[in-house]
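Only one structure is covered here, and it is reproduced in the block below.
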């Protein structure tokens, strides 16, 4: 297929920026303002329209893919998407090449994240936050807590369990529980075995909710008492709705991922987007965001900045995981197009309850 | 429901002290009525006088506020509509549009679980000569045919009493006359009791054995049609049942057999036997077809009342007869009908004429002096217009 | 549109060789008609005979397949409706519901840019005595009032020709009679040419100067009402305009002034002047009101035709008159009307009677021997039913 | 044609007119519009449904082919959803009918005497329209969530089992569909019942039918056009709905309907041929069902 | 959503003129209002009706009540009463709610204007002219109503993609217009059919040229039907989510906003907007009814 061409940049005159992101993914004060963003606006004069528009990588892609294919504006000048989805965008030519000269702070990018195989040298993307997928539960209902994915299948939780619609997290956790090294060289057999587990739990009604970031609403309403979750989210809803939930990486391990900034092909405000990225790569800013969202920051120096705010923060394993924590987290290996199609279809058919 | 065969012949109907109040309106004040079995009874009256309400009470579609209803001697006042041995031919026919003709006719029989409903229904259709259309839907029939189906649908049940609510109201004149004949024939054939409601006086007179004239919820006069026509008791009846020339005055003298009334200077003699009142202020009258016109002053005679001279105001030819409007000073306008037999004088507008009639053709009303109106007030149209406005108001209110 | 003042008086209307075909149906075969200016002309005929079609052709709402239309001598055949000096009072009145009465009446004037449309409209409303309701909407008026507004709306334009399509059809009898009078009065006042369509023979006869009886798209007879009634030319006219007793037979002899017809054994004499045919198979007739009944055989006389003896089949009293049906062997059923003047014999069912009428009252039709039908075929309902069915079929086919 | 029966006014006999040039002028823009934006997409949908994956292509890349197999594949993969869709839609239709008939009867027949009340009730029936149907559905989701007052009370009263729940169950989806389409059912029923000539009911009772028989033999058949219209207006959109059954609203993994499958294939799996084939199947099935239904209920003239 | 034709009838109450009263009168007059003894128990049906309305209004009341919730982000638990959300509707998320709402209104208005124009033209042609393609055209108009929205939405989306049309406000409007046309045709057709052709003939007879007759007679008489159709069409467009979702690209509409925020908690501001629309519509409809009633009373006095 012909790749679309990038739109011309109008940032010089157009001081605005649309940023699409996931829920509970930026610092937010009680009145619903985003302090770091406000500071950015004051500092640069760029008016940012921050939209919580991503619930799930696939559904977001589904919504914008047609415009992307035509090289049109998708209503966002930068979006934060997960590695594997970013890989697809880059492959299809749906992203604009970043001008590193506009992002001097890229120097603060954690060395481990500089050369992912889907974007050598970070020509097209830049990490926003990373995190774990693990398990979480309602502390009021389960003071004793859960330790493994297996615990989600307990009869006490029947109908009150949620899993993520993000295949790599949900399947990753189950495969880990099955003893599979998800980063390693697994194949259909391993995947099928995990699918069987999930199918059984869904069909039996053990798992009722399969959602994207919307799983937070189910936790809040009480429809879900325990779930496969993303690490930082729990801190955020605890802050919002009372300290009711807890997160843990299961015994058998959790997944580790990164969400990355990218500039969609039809955006006319690439420079503004780069200015924003540069801003969030200030260690102090990164620390402030991290303090709120509790996700792993890719910014070197943020730890020190965080320690300055609150020493305890620097020890938070969700933000600054140590080796031991990291050893429990695994990266889901990348999939070929055919694998993607096949595994996604299998997974989706569970979501559809076939 | 229990299988009940209804009377093969009609039954008496008795209404005793019936009153019917609607919220804010008393439709029937105090009604007593007896209709003998097997008769063809017509209830005649202007629009809104309570005819339909009476029928609905008998059918059980409405409950009386007071009074009792007896059919064949049995009190049915609290019996529900579907349990009364009564059937109605509705003004609009009310044929079920979703059923074929034969299904319509068989409906009542099936509800009562009468054996061979279709056979009986076909028989009833044969009676009204529509058996060949048994499979059609009502919408596919002409108005007259629908009317006959409605009749068949009622008759097939052999009800003790058949109610007909202006069943001919929707038909045009020609068809109406034709249906009147058929209805009468069928009644004679099946011998049921017919209670026929109409506001067409000619219809009531040509069809019924007995006519009751109803006005404002009460019965004004009742009797055989010719009797009522010949000797109306009230001005209302005199003008509702055909037209009349009425004259009010004081009784100025009387003999054994007659009274003489001084009306606007003329002396009008009426036989005592034909006058409801014999003294004081009275109203006497004569039918227009009984009046003769004379181009010369007639010789005074004790056998005739004479008025005149007057002047012909209008002559209108209507085929069979010619109508003359004669203005007689002191007596207002007199209406005279002359059949176009080809004999008799034929006068033009403006001619000077005298009007006379035989004493034995006059009648005296039971009313006192009445505000003599030549034509009955145009009740029907006024009420139609009012009705329209009401509909409109309801509509507007409803949105 | 150009400002054009129409004639203050009516204009002649001429239809020449008009034919109108609808897809699959010829409504008018060959119609010639001349209506003199200022006359009140009535077009009378059964339902479906083409009356409305004729009016619509004149109004320009329909184009003739063949033939010419002249108004005041000017050929308007290809002139469009809104350019013809013609106005119509529609059966349904067709008052614009979204305009007030005065706006309705002024509509035509405004379209023609006539000066002071409102003043003229008020004047027209005064003529029909409705000026006080000028600001109302049509729905707020009674049927009779609406009819008068429709009339005012047409008259205000002073059209050369006013077309009235059964404007009284929707009214009840009483109101109808009242409106007939008013219409006639207004026509006399404004002096326009009125072309009035109706299927009510009484209406046509009482209102019009000239009546044309139409049947199956052609005019059967035309003339003054009394003339037509007195001397019908065809069996259709004889029975559509009132009722007739008709007898077919061969002319058996003739004198200078009269022919004698041998009908079923009886010899019926008809004046030559009153017979359209003088030899061969003919049909002669007499109106029922001209026939007298005798309880004894009348003395033969050259002045009277006598039939009998026969037997009275039915007597029906209708107030003003009594109708007798007499079966005379060989002649079928004879209808006799006797006004209830109180004189004359009154006979009962089954009595033996003779019927007679003055020779001068008989008439001879232009038709040959006809299948004598006592009552005209029930055209109207048959065609209504057919029409309904057609509608239905069209509907089904289209859905 | 279809649904004309909902018209509130009686038809007048129309003088058929000739001038087809005017007709053409009147029809052309609208018809062209429909051809362009309804018919053409439908045809390309048909073509898409026959596409095959692009050889060596990436995810979501297809080429024109004549791949009937797509239909077989989606039928095999999704037959439960097809059945479920029609099952839920049918159930919702039946419930909506049962719910609406008495309501419409009251408004259309009993309330005739109070026109103002009648129109007020009609307004209330369509009131839900004024609030976005997504919000209505979410409101139910929250009102009936596991920890909600309603559900906890029912559990406390032991009317519900301890691990019973509402959201995510077939019951919830059918409930949502029913609720959302009640106005679509009530209004046509109302229209039919409002026109119901009560004299037919009186004639029935006059002909010895008891109230129940009158209802069964006269009221119901006479309101048939309303019933047919209402059921169609409920069934068609309900069968194609995907909001109620969506996992974000009232549904769960085992309640997904055709709409959800089509959406997932279009937007998540990027399997356009499958989505298109499913769309065509859904539409064809609905047309067939509607045709049969309308024929059997004897209301063809609705169409 | 299909079939809010009856809703149109009710909404049309806003626009009813005397003409419809005329035609409606005929219909009414065949139903006497007296009801004798026919029907269900005298208290059963009213009770049911009240309960049914309570049920219908639950989510609406819920939505309304929660528009006053002093919530921070998601609006699930009751956290106290506040007017803030009403006073600051447009201040959250950079006014996203209001922007979506404004988009919905614009789209609704434009789609309504186009659909009403095209649909009215078709309706007039269908009733007033005979032509051969009639049944084909009728079918073409019926199909969009019988097609599930997913199919409509997905088909059109695929078509726009294939042709390379960018998805924005225009595509939403095009899509909405498409599904509104059929409903407009049905609604207006009923009106045209009930319009007595004699009225137009009277116009011609009274010297009105064809254009004058159309604008002075035909059009004013069709107005109530056209307005009803327009209101219906606006309601359909305003509440549409499924078709919009497929064809909106990055443009937000109110339902789309609700759908998207459903996954992250709907802010109380959405409830405010929905409640406001609801109240506005309710006041409008009830106001119209009451003024009609008042007019009727005046009229009665006049008589």
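The letters A, B, C, D and E name the chains in turn, as written, and every chain counts its residues from 1.
The rule is simple: a residue touches a chain if its C-beta (ideal position, glycine included) is under 8 Å from a C-beta of that chain, and two chains touch if they have at least 3 such contacts.
The structure presented is a predicted model; accordingly, all values stated were derived computationally and were not measured.
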- Return the chains common to the contact lists of subunit A and subunit D. E
- Note on the structure: Ranking chain pairs by contacts puts first D-E
- Message: Taking each chain's centre as the mean of its C-alpha atoms, which one lies nearest the mean of all protein C-alpha atoms here?
- Response: E
- Message: Can you compute the centre-to-centre distance for subunit D and subunit E, using the mean CA position of each chain? Integer Å is fine.
- Response: 17
- Task: Would you mind pulling out the distance in Å between where the CA atoms of subunit A average out and where those of subunit B do?
- Result: 91
- Could you put a whole-Å number on the gap between the CA centroids of subunit B and subunit E? 53
- Expressed in whole Å, how far the mean CA point of subunit C lies from that of subunit D is 57
- Message: Can you pull out the residues of subunit E that are in contact with at least two other chains?
- Response: 10, 13, 21, 24, 30, 36-37, 76, 135, 138, 157, 196, 201, 262-263, 289, 293, 299, 303
- Overlap residues in subunit B, where contacts from two or more other chains coincide: 60-61, 80-81, 92, 388-389, 392, 394-395, 397, 399
- Item | Multi-partner residues of subunit D (at least 2 other chains) | 1, 13, 115-116, 119, 122, 142, 145, 197, 199, 202, 205, 214, 248, 266, 303
- Okay, in this complex, where on subunit B does subunit D touch? 1, 59-61, 80-83, 86-88, 90, 92, 94-98, 107-108, 111-112, 153, 157, 394-395, 397-399
- Message: Could you list, by residue number, the parts of subunit E that touch subunit D in their complex?
- Response: 1-7, 9-11, 13, 20, 23-24, 26-27, 30-33, 35-40, 45-46, 48-49, 52-53, 56-60, 62-63, 66, 76, 118-119, 121-122, 124-125, 127-131, 135, 137-152, 154-159, 162, 174-175, 177-178, 181, 185-186, 189-191, 193-197, 201, 235, 239, 241-242, 246, 254-255, 258-259, 262-263, 266, 270-271, 274-275, 277-278, 281-282, 285-286, 289-290, 293
- Within their complex, state which residues of subunit A touch subunit E. 23-24, 28, 30, 32, 49-53, 55, 64, 66-67, 69-70, 72-76, 211-214, 216-217, 220-221, 240-241
- Query: subunit E touches which residues of subunit D in the complex?
  - Reply: 1-4, 6-20, 22-23, 26-27, 29-31, 33-35, 37-42, 44-45, 48, 99, 102-103, 105-107, 109-110, 112-113, 115-116, 119-140, 142-143, 145, 179, 182-184, 186-188, 190-191, 195-199, 201-202, 205, 211, 214, 229, 232-233, 236-237, 239-243, 248-249, 258-259, 262-263, 266, 272, 275-276, 279-280, 282-283, 286-287, 290, 303
- The subunit E residues in contact with subunit C across the complex are 17-19, 21-22, 134-135, 138, 196, 198-199, 201-209, 212-213, 216-217, 220-221, 299, 302-303
